[in-house]
């Protein structure tokens, strides 16, 4: 599970057919790759969809990486019409964190990152408020203030896209309170992770913690998901809950909710960085 | 916590004012009651609502129960405009279980009851299908088959009300798949408990387990609540969840969901039987 | 995940070397097996131990099962010095349940089995007490009473071994309160599952629930494990906990502990029946 | 639940007798205190021990605090031989955090404190290593380096006691890796909180995470407790666990264990600061 400089990861999605695992593992074996982890999932043996995540060690490879990928495409991927990707643990992913004023999730990520728990480069923090500039800068991370008003929203998004596009591999919405347009979302497909509170049942409308309190819920939680153009309806990555009671005040509900948000988002970002998540349609397969 | 033949329980709801606890505990003390448990909750010290659950032992009482209640009403309850109730553990509550074809929750209750874990009398099982007659009768519990069709629905409800009214203290919907009318619900206010699956987020429409699978949820759960005229929106009593993954098939999701339903409903019924739940508006205060 | 009459499962343990996955999946592919699930785990890419669980569908096989196994042994398993096993979902495993007087775990298993949730045949229940004879017989399962006293312990074990040996594939200790000898345990290696309460920290000695209460523990739990000759120290299969508080009486702690035991053992038995568990040394790898 | 400048808290432990609640609440009512929360617990109605936590609002008091306490002692506490304490939310408790090199728990506390989530003053951090000086100072908290070697251990403890005694109300061992002497522990009775990992079962000896991995545990956890002279055996305040699998590496087990430690200790410290914990013998009653 631990990252090593020599680890590569292959993710595959395709229609399920006999022989896929054999074809892939043969190919890698014949080129000197040592497979150290393999997870596979089929939705249905007949006509279902096939997902695979495979970790292999690169030191014994008999060809360079670009050639490995080109050969794999021709020899294996095309035959099975695979959607596939190879990534290398040594190529650290670059993250942008977008945040408004709530800072609990932002600091959880910065803090874990500063302790070496997130295998990534945090390239920048982007906020529609200037408040967190100093605190972010103390971590040595560039801070960009892009104010957003109803009038400037389109311009602000353009500036953000300019900052992020091709500069980062993952955008984390750490309680960023602006709704993103479909254009923004489609610029980073399956590369924007959002976190929000979750309840059973859902409470629609303003002040959901007050509604949850008024209904006497016994569990509050949080969900991390990839952002799609349909608000908060993208593929779920991770969820968790904590028990509460009638004694838990609305203020305490919010604090506990923030604790859950911190942990759920941190786990989700880590799994994304380790290429453990394959998105298919509106579902995520998480090989955790 | 354990039931004893000598235990009485007093539940109180009223507007919060100084002196309530003193007035109540003084009254009981002066009449020889020994308070062995007291839970109290205020929504707000200023103008909030006050809830109290109090267990006391009756052997030292200096007056009979009816007089105790009459005196309490006059000396304490009226002054604070209390909504209150005294119940006695020795007066076992009578339960009716309503069920359709899914039997997992029904048997969990019958089984715990037969093991002495539910301090109640199970007076009858009512079902719109005849299938479970033999299995229920094996527990020594009367079984009533009341078929329901669109044409006979009104008559069937009337028959059920006739069977249940003044005969039972609690109606448990153990996966009873008929929607009850407002008339039925209002006949047993805060005395009908229902169980249903819960997800984060909620999935509206048919086959929610399939929808949950398709979205890749990581937690599935169940909620027990009192039934009000607004479908599945009554005061929540208890909730729980279990972790699942993309590997969990729809069939397995359902089985795990049933396990959660069994436990959540069993806990809820037990708390109701022990007078641990005070309903106020659409909220439940559970002194568990 | 769901059992089908055509599903076969291959479990492998061996020293990790390059090429294992390719060799195995090639072999199966070349003989017409359709791999529908594959889980693999390596403790270490260099010199570690390799575990694999693989489900495949048998309808397309080009050779009969005995020949498939013989050929696999010669063509693949010997080369990698594998410890391996193929089992077929259609060959239902036979279970014996051993029990004393606590019946909660026994009935959980019988009940799930009667509902079709356990893919097995429950061949018999063996008890050192006669009490549960009728209740077990009602499920249509043979009941054997083998009394145990200090004087007859050796004889009793011999009788039990005679009953069970070659007659059942799994022995479940459902709160069987007799300590088994090393001889008994070694007769059924990695085929005896036990359940017992667990606490953080462990409480040694008599009446652990009382000790847990006196220390104010906030979690109580249960552990299911394979039985080895060292008491309660065998490979762990599954564990779970539930929150408690100072309000939870010793009696309630025991009841909650029993609820956990029921669920943890039921999950463990199911995983064993589905060949999801590979034991290696004192560790279990559970491909759940 | 929320702290207010006008909130006072009364904690009581005594032998259970009829009339205690009435006597206490009468006394407060007669002096103008408005009771806003009351939790009570009896271990046994006959001859058991009685615990009570009561929050009241002070604005309407008819006497000053010292006189209130003196009068309460004479009028109520002596009669029932109570062990009791009144504290005021406005008098923020002073905390010292002791730490070695692991910094995850320290920073969780400093961070929550800097966000206003811990109602206390963090007076100082004491460490046997100089490493964390700068990071702590950035929070505006004094840092004291007291090196400890086998030769200087006694002197070092004396220096620490001198620093802490009468200067702080709570000592939090945030992964402080030195064993404290009975003398140190007895200087701060029930005022030292420690956090350590917990497993089911416990793993004695070096490298417990490696042992847990080798045994295949499915849950790892943490326990916060008050420190007594018997190592890690003091009254338990809070516990929590997280699920792991055979895929979780030893390094990941440690990271997950640290996440649990952070949350469990933070909750425990908060409850101590809010006077929610009553210690009795080796048990804690937590009115959370």
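Chains: A, B, C and D, in written order; residue numbering restarts at 1 for each.
Just so it is clear, a residue touches a chain if its C-beta (ideal position, glycine included) is under 8 Å from a C-beta of that chain, and two chains touch if they have at least 3 such contacts.
Because the structure is a prediction, the values reported are computed rather than measured.
Asker: Chains shared as neighbours by chain A and chain B?
Answerer: Common contact partners of chain A and chain B, which must touch each of the two, are C, D.
Asker: Which pair, A-C or A-D, has more C-beta contacts?
Answerer: Between A-D and A-C, contacts are more numerous in A-C.
Asker: Would you kindly say which chain has the C-alpha centre located farthest from the C-alpha centre of chain D?
Answerer: C
Asker: Just curious, how far off is chain D from chain A if you go by their C-alpha centres, in Å?
Answerer: Once rounded, the distance between the two centres reads 37 Å.
Asker: Which residues of chain A are in contact with two or more other chains?
Answerer: Where chain A meets two or more other chains at a single residue, that happens at 41, 247, 288.
Asker: Note which residues of chain D are touching chain A in the complex, please.
Answerer: Per the stated touch rule, the residues are 1-2, 103-104, 107, 111, 115, 117, 138, 247-249, 251-252, 255, 259, 263, 288.
Asker: Using the touch definition up top, name the residues of chain C that touch chain A in the complex.
Answerer: 16, 18-22, 25-26, 28-29, 32-42, 45, 57, 60, 243
Asker: What residues of chain B sit close enough to touch chain A in their complex?
Answerer: 41, 51, 198-202, 213-219, 221, 223, 232, 235-241, 245-247, 281-286, 288
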